[in-house]
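So, here come the structures, one by one.
Each of the next two complexes has subunit A plus one other chain: subunit B in the first, subunit C in the second.
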Partner chain A sequence: MSFEEEVDEIEANTLLGGAPFFSRPGGKIFIIWLVFTVIGVLIGFYAPHHLLPVMQSPEGGDVWATIVFFTVLAAPVAALVYAIAFYSLFAWRHRSEDPDVPPPDAEPQRGNGPVTVVWLAVSTVLVVVLLFWGIAVWSAQQVSHPNALQVNVTGQQWLWTYSYPGTGVETRTLDLPVNRPVQFNVTSVDVTHGFWPAVLGVQVDANPDVVTVIRTTPNKLGKFIVQCSQLCGLYHAFMNNTGDVVTSQQFDTWLQSNGATPTAAATAAGTSSSGSTTAMGK
Partner chain B sequence: MTTAVAPPLLEDTQLGPKAGGFYRYQNIWTGLGFGIFLGFVAWLVSHATVQGSNWGTDMVVTCTMVAWVVGFNIGMGTFNAPIHWILGHDQTHEDELYAAGVGQGSSRYLKFCTDHKVVGTQYLVLVMVLFGVGGTLAMMIRTQLITPHSSFLDPQTYNAIVTIHGMVMIIATIIMVSGPFANFIMPIMIGAKDMAFPRLNAMSFWVVVSAVPCLLATFFLGGVNAGWTTYAPLSVQAPAAMDAFAMTIITFVVSVTVAGVNTIVTVVTMRAKGMTMGRLPIFTWGTVVGGALGLYAMPAFLAVMTMMITDRATGTSFFVPEVGGSQWLYENIFWIMGHPEVYVILLPPVAAVLEIASTFARKPVFGYKVAIAGFVAIAALSIMVWAHHMFTTGWAPNLAAPFMLTTELISIPTGIIFLCTIGTLWKGSIWTRLPMWFVYLFVWNFIIGGVTGIYLSDVPADQFFHGDMFVTAHFHYTLLGGAMIGATAAVCYWFPKVSGRMLNERVGKVAFWMIAIGIQVTYFGQFWEGFQGMARRIAYYNPHYETANQMSTAGAYLLMAGWLVFLYMMINGWRHGKIAPANPWHAKTLEWKVPTPVPLENFLVDPVVTSDPYTYGEGVPDGQEVPESAPAPEPELVPAGSAPGDQIDAGGAS
Partner chain C sequence: MRPLGILLTFVVALVAIGGVAAFFISQSYTSPNYPNGVQVAQPLGTAVVNGQSVPHVALQFQTYPDSTGSVAGKQVHPSGNPAWPAYGLSNQYQVPAHSLVTVTIRQYDSGGSLNNPWFAKVSGTVGGVATFTSPDGKTVTTNHVDPDNIGHTFTMRSAPGVDSAFFLNVPLPTNANLPNNQTNPDAGQYYTVKFSFLSGAKGVYAWNCEFPCGQMVASFGGVMGAYGFMSGFVHVV
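Entry: the complex of A and B
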């Protein structure tokens, strides 16, 4: 090996040597980092778009947005760990004829104050961002609407019962009018169940002797599934039913077909006062 | 030059015919026999007296299980020494040597043996048996889920299997590093001759052994159908299997607590001269912090299961809502145990990973003190995050933000651990022996487990993901992909010291790739199910999730096959492996400076410690060595100006 080649190799192996950026270790690690970051971000966009069910409420939209946002924040950090690990495995791996002989000791490095401080600072900033995001989204979801449609949800082994106060309607399927705030008052008559209408982006346990409350506003028409999310015994897997987000007129009709008086149904569906129906979404 | 004369080995001592006293007649068979006998007597008595009462079956099962555990341990000899002391006798030196296994050959592995290396090996075998049981149950779960409405298992059996898979794995992962390696390796690492309390050490092992049959008995007592979390009130109404389940946990907590105290006291009081806390190998720190955290966490498990038993067997109502109890009380106490517990599982293997990374990068641990601070910070924060398991229970909604804060804060010290790991790899001379491959796999998996954890820490996102397969995939990435792979690295790393033989790394590489790929396929399948909204712990599912489930099952079979290859490698290595040199990895910690097999009491000559063990590349002699022969005894220190005879008076006067 000529002197120049040796110098080239030494320079190529120093992070800030004179070689072109992408042939230096720092440059190569940067490329691996970039690739992993891009993959991470792509997964962050692909997974919620294509794998999550179609969300039917703003809370469901928050789930979607949170996944994307957190992935974009986390991908560069995870990618950095991967980049350095992969680079160390390929570039600093020591191959010798006799695998029982250890490679010569590396240059000792017992720590690096500035790197540790930067690492701590960046992770602290990221945590603060995550936290603010979480609190902002969570508190925006806590608004209660005085005119919300009340639905009493009762879990028992192994079925759900929904009742609509004021209408006398009690059913095994959960119909909801679109774009109308709804408040679920959830309880159980035996053991703990989990009330989980997944596409509405909300979930709360059904506890015996306690009423727990969640709120949402369905904003997309269509059927969905309510599944029990707490193991509740023998037929836990079968403790599900379909729900349906419908227009307020359909909801009115549905309530009446389930035994509500026309007046009560119109009050519950919000179709009683003239004109309010046209304000509802399509 | 005087030639070093090796002192006689303790294990070659000829013991008298009465050495050991009662221990001579005790082994696992007397333990099993007396345990079954006492359990049967308790069953007869309780069946005759309380069976007809309100909670009869529960009382009968509880009494039988208590009697079995006590009887097994009496039969094993767990209580021999304390009984001797109560009766005013003492154990002679010969008795103690007998209890440490002298003169019993390999039969000491089936006895109450106080030698920490025997206990460590016993733990290693037990952990492998438990993983075998838990893994078989996992395969049954995955087989059931190949098709949406499989008739492979009925729902009752399925629920019981899901529960016991969880609990067996929790028990196995808690002891998988703190059992074998904190017992076998850690005392040698710090230059100690044994653990601080050798009898308690043996006790911790045989007590956990006696817990295992209680857990497996649940299958024959109706099955626990409530998941490993056994949420009340479902578990209060569960079949009598739940009593056996609770007794398992109570027994297990006794074992973990005893072992945790023993680990801490050993490190605090038994270190060799010169082995300051700042010179301890990083693995020792991991076991100490993990053990200390266990002392905080596990008693809550004991408390909650004791309350569970009294609810079931005596009619108290801690967790029965209609008579004033609260299911939220159960959930809180359970998770006050449950979240620290995952770090009890994680910290020892993570510390082992740092130790191994240092050896195979031929570099000091990057940021030794920062890593220790990270362990301590993780432990401290982990006791304040429990309610993130309860975000969707409806309990205390206004505490969502504080618990979101503590949960997300814990990612800072966890990030520090990652920094220390990649800092150790940075510009190292990477020696890719088998343990190092598992270190890389640990890094890969644990990042995925960590990143998916932050979605779950966020309350709005958790409202979708809670109780969903996404959670299952997340914690399997951390506990299997992270902790258990770290423990696997530790097994590969310390196997030559434990068994005296080398592993066949070619077979190991095959196992490695099967395990590595198996994990990704299995749990990416489950992430997919989770995104689609499939609930956990269901025996039948919507056909919509079928493809994802089949992917996960295919991965699980590959993973199991990988573990079987790994098991073959271990058994084959143990029986036919190449004889291992004392220090095959040319590492610098003390356990590699003693001969293999390690003699009884480890050090024939006291070790000399002048620095920490991470002097790679620093051009100085190792700071942790075992000299070939003992140095001449130092002259006794005498206060200046006094004659030797005055020493006692001088001491007494001060």
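Entry: the complex of A and C
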């Protein structure tokens, strides 16, 4: 079959041609798209359970939901690209007696108004939805809590250190009480680092001479890892340490074991006899 | 002709991929090609720590203000720069796992203030202290030194996933009176810092200096951004 005959055949069997829908290229691409979309959606729902750590805060839950939502939303778009590419690769592959002779270029197609409108409209809707979703998740992290535990986070090449104002405690491990809002005041003493306790669902740059605030509320007990998310020099790969979400009583004990007075530890941990928690300024 | 072309394409692709892989492997921090070799800790017998008998080994190394100097005919660093200090002679140390390691560092360099005074505290040593002997022979055992008179620090942590609980930090005080002696870096006065620590699990541990003894941004550029001068690895085997 010559190239011209191939083109004629394709044009005779387009989406608007006379053959039954699922016999036409458009119908076949639709079926492939449907299969790929289902696979993509399933991956979007189930892969995070195997690829992501167990989140230890509501903000982490938001991150989880965002990844799932964005993946599911992207699945049909990606599936359309893959379906067309997949079908083209097999059905519209150029066949010739002489493989060294390339096919002539096809005529460029222009001026397909409906396709352009649909494409732009769908893209716009998707981007706007993602924008509002992102703003909503980000806004939730900006809410200040009056009894939040203040933690000053300092990044330097190549270690994180944490201080708990009012207690005199400064450590390289990040212990936090469970179910207590935490406000991280993040800065750097040298270059830009990235403070990233991934399971807490927060990540922010640590910039020199600037204090950036980010908030979370740990709600699950257990250890976690804090990593640097900005390429910061020679030992960037080693710039990680551990954290631990513990009960208020354990947090109180931990503060005292690191040098806090019983009163300061009880105030910071919210375990003082009055039972109230106190906001501690920087 | 066509099969030959296909074969050639695969060969070229394999060579390219293999070349890139070989390059990355040669750049790995586990590469054995260290300019001054690996300094293996010397066995001292056994020691009892926390009621348990463990192997006891010793390490000794120095901090020099001028990395171009030579000690016993060996350059402190093959790519030395007079303005760049260096640990030496090797920046690679090997110690056995779960052992008591006694380290003696001769600190020849001057210094100043830390970017973060937290590194003036001794962390991770046996007893949480180190013993500091000044050039005039005064000895003190303490858990912290003046953060504004630091020459360097020896700060060590494990590679991710090896032993996250392990951390060691020992500040090395300023040696204020020392002129640079390039022809014989070991001839001058020095501060002696001695401490012991329990090595962790087997694996690679990184060490570096946390005193801003480099150039440019926060004095952590230059020598601090160049591997092998104020940084290296401890191989726990």
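Please note the rule applied: the second predicted complex is superposed on the first by the 240 of 282 C-alpha atoms of A that agree within 3 Å, B and C clash if a C-alpha of one lies under 4 Å from a C-alpha of the other, contacts with A are read in each partner's own complex, and residues count from 1 in each chain.
Criterion: contacts are C-beta pairs under 8 Å (C-beta built on N, C-alpha and C of every residue); 3 or more make two chains touch, one makes a residue touch a chain.
Please read all numbers here as calculations on a predicted model, not as lab measurements.
Student: For the overlay on subunit A, clash or fit between subunit B and subunit C?
Tutor: clash
Student: Quick check on the superposed pair: does A:Q141 touch subunit B, subunit C, both, or neither? Answer first, second, both or neither.
Tutor: A:Q141: touches subunit B, not subunit C.
Student: In the overlay, answer first, second, both or neither for which of subunit B and subunit C A:S57 touches.
Tutor: neither
Student: Considering only the touch criterion stated at the top, classify A:V115 as touching first (subunit B), second (subunit C), both, or neither.
Tutor: After superposition on chain A, A:V115 lies in contact with subunit B alone.
Student: Regarding the shared-chain residue A:W158, is it in contact with subunit B (first), subunit C (second), both, or neither?
Tutor: A:W158 sits against subunit C, while subunit B stays out of touch.
Student: Just checking: does A:A85 make contact with subunit B only, subunit C only, both, or neither of them? Give me first, second, both or neither.
Tutor: Only subunit B; A:A85 stays clear of subunit C.
Student: Under the stated touch criterion, name the partner, subunit B or subunit C, that contacts more residues in subunit A.
Tutor: The partner with more contacted residues on subunit A is B.
Student: If we overlay the two complexes on their shared chain A, which of subunit B and subunit C does A:F238 touch? Say first, second, both or neither.
Tutor: both
Student: In the overlay, answer first, second, both or neither for which of subunit B and subunit C A:P102 touches.
Tutor: In the superposed model, A:P102 contacts subunit B only, not subunit C.
Student: Contact-wise, after the overlay, does A:N219 reach subunit B, subunit C, both or neither (first, second, both, neither)?
Tutor: neither
Student: Is A:E170 contacted by the first partner subunit B, the second partner subunit C, both or neither?
Tutor: The second partner, subunit C, only.
Student: Counting clashing C-alpha atoms after the superposition, which of 56-64, 92-100 or 146-154 on subunit B is the one that bumps into subunit C?
Tutor: 146-154
Student: Jot down the residues of subunit A that show up as touching in both complexes, subunit B in one and subunit C in the other.
Tutor: On subunit A, the residues that contact subunit B in one structure and subunit C in the other are 99-100, 190-191, 208, 225, 233-235, 237-238.
Student: Over in the complex, which subunit C residues touch subunit A? Could you list them?
Tutor: Per the stated touch rule, the residues are 2, 115-116, 118, 123, 155, 157, 159-160, 164-165, 167, 206, 208, 210, 212, 217-218, 220, 224-227, 231.
Student: For subunit A, which residues are in contact with subunit B within the complex?
Tutor: That would be residues 47-48, 51-53, 59-60, 62-63, 66-67, 70-71, 74, 77-78, 81-82, 84-85, 88-89, 92-94, 99-100, 102-112, 115-116, 119-120, 123-124, 127, 130-131, 133-135, 137-138, 141-142, 186, 190-192, 194, 196, 198-199, 201-205, 207-210, 212-213, 225, 227-238 of subunit A.
Student: Help me check something: in the complex, which residues belonging to subunit B touch subunit A?
Tutor: Going through subunit B, the ones touching subunit A are 155-156, 159, 162, 225-227, 231-234, 237, 321-322, 327-328, 361-370, 392-394, 397, 400-401, 404-405, 408-409, 411-412, 415-416, 418-419, 422-423, 425-433, 440, 443-444, 447-448, 450-451, 454-455, 457-461, 463-468, 505, 527-528, 531-533, 535-542, 584-586, 614-618.
Student: Once bound in the complex, which stretches of subunit A touch subunit C?
Tutor: 99-100, 154, 156-159, 161, 170, 172, 189-191, 208, 225, 233-235, 237-238, 240-242
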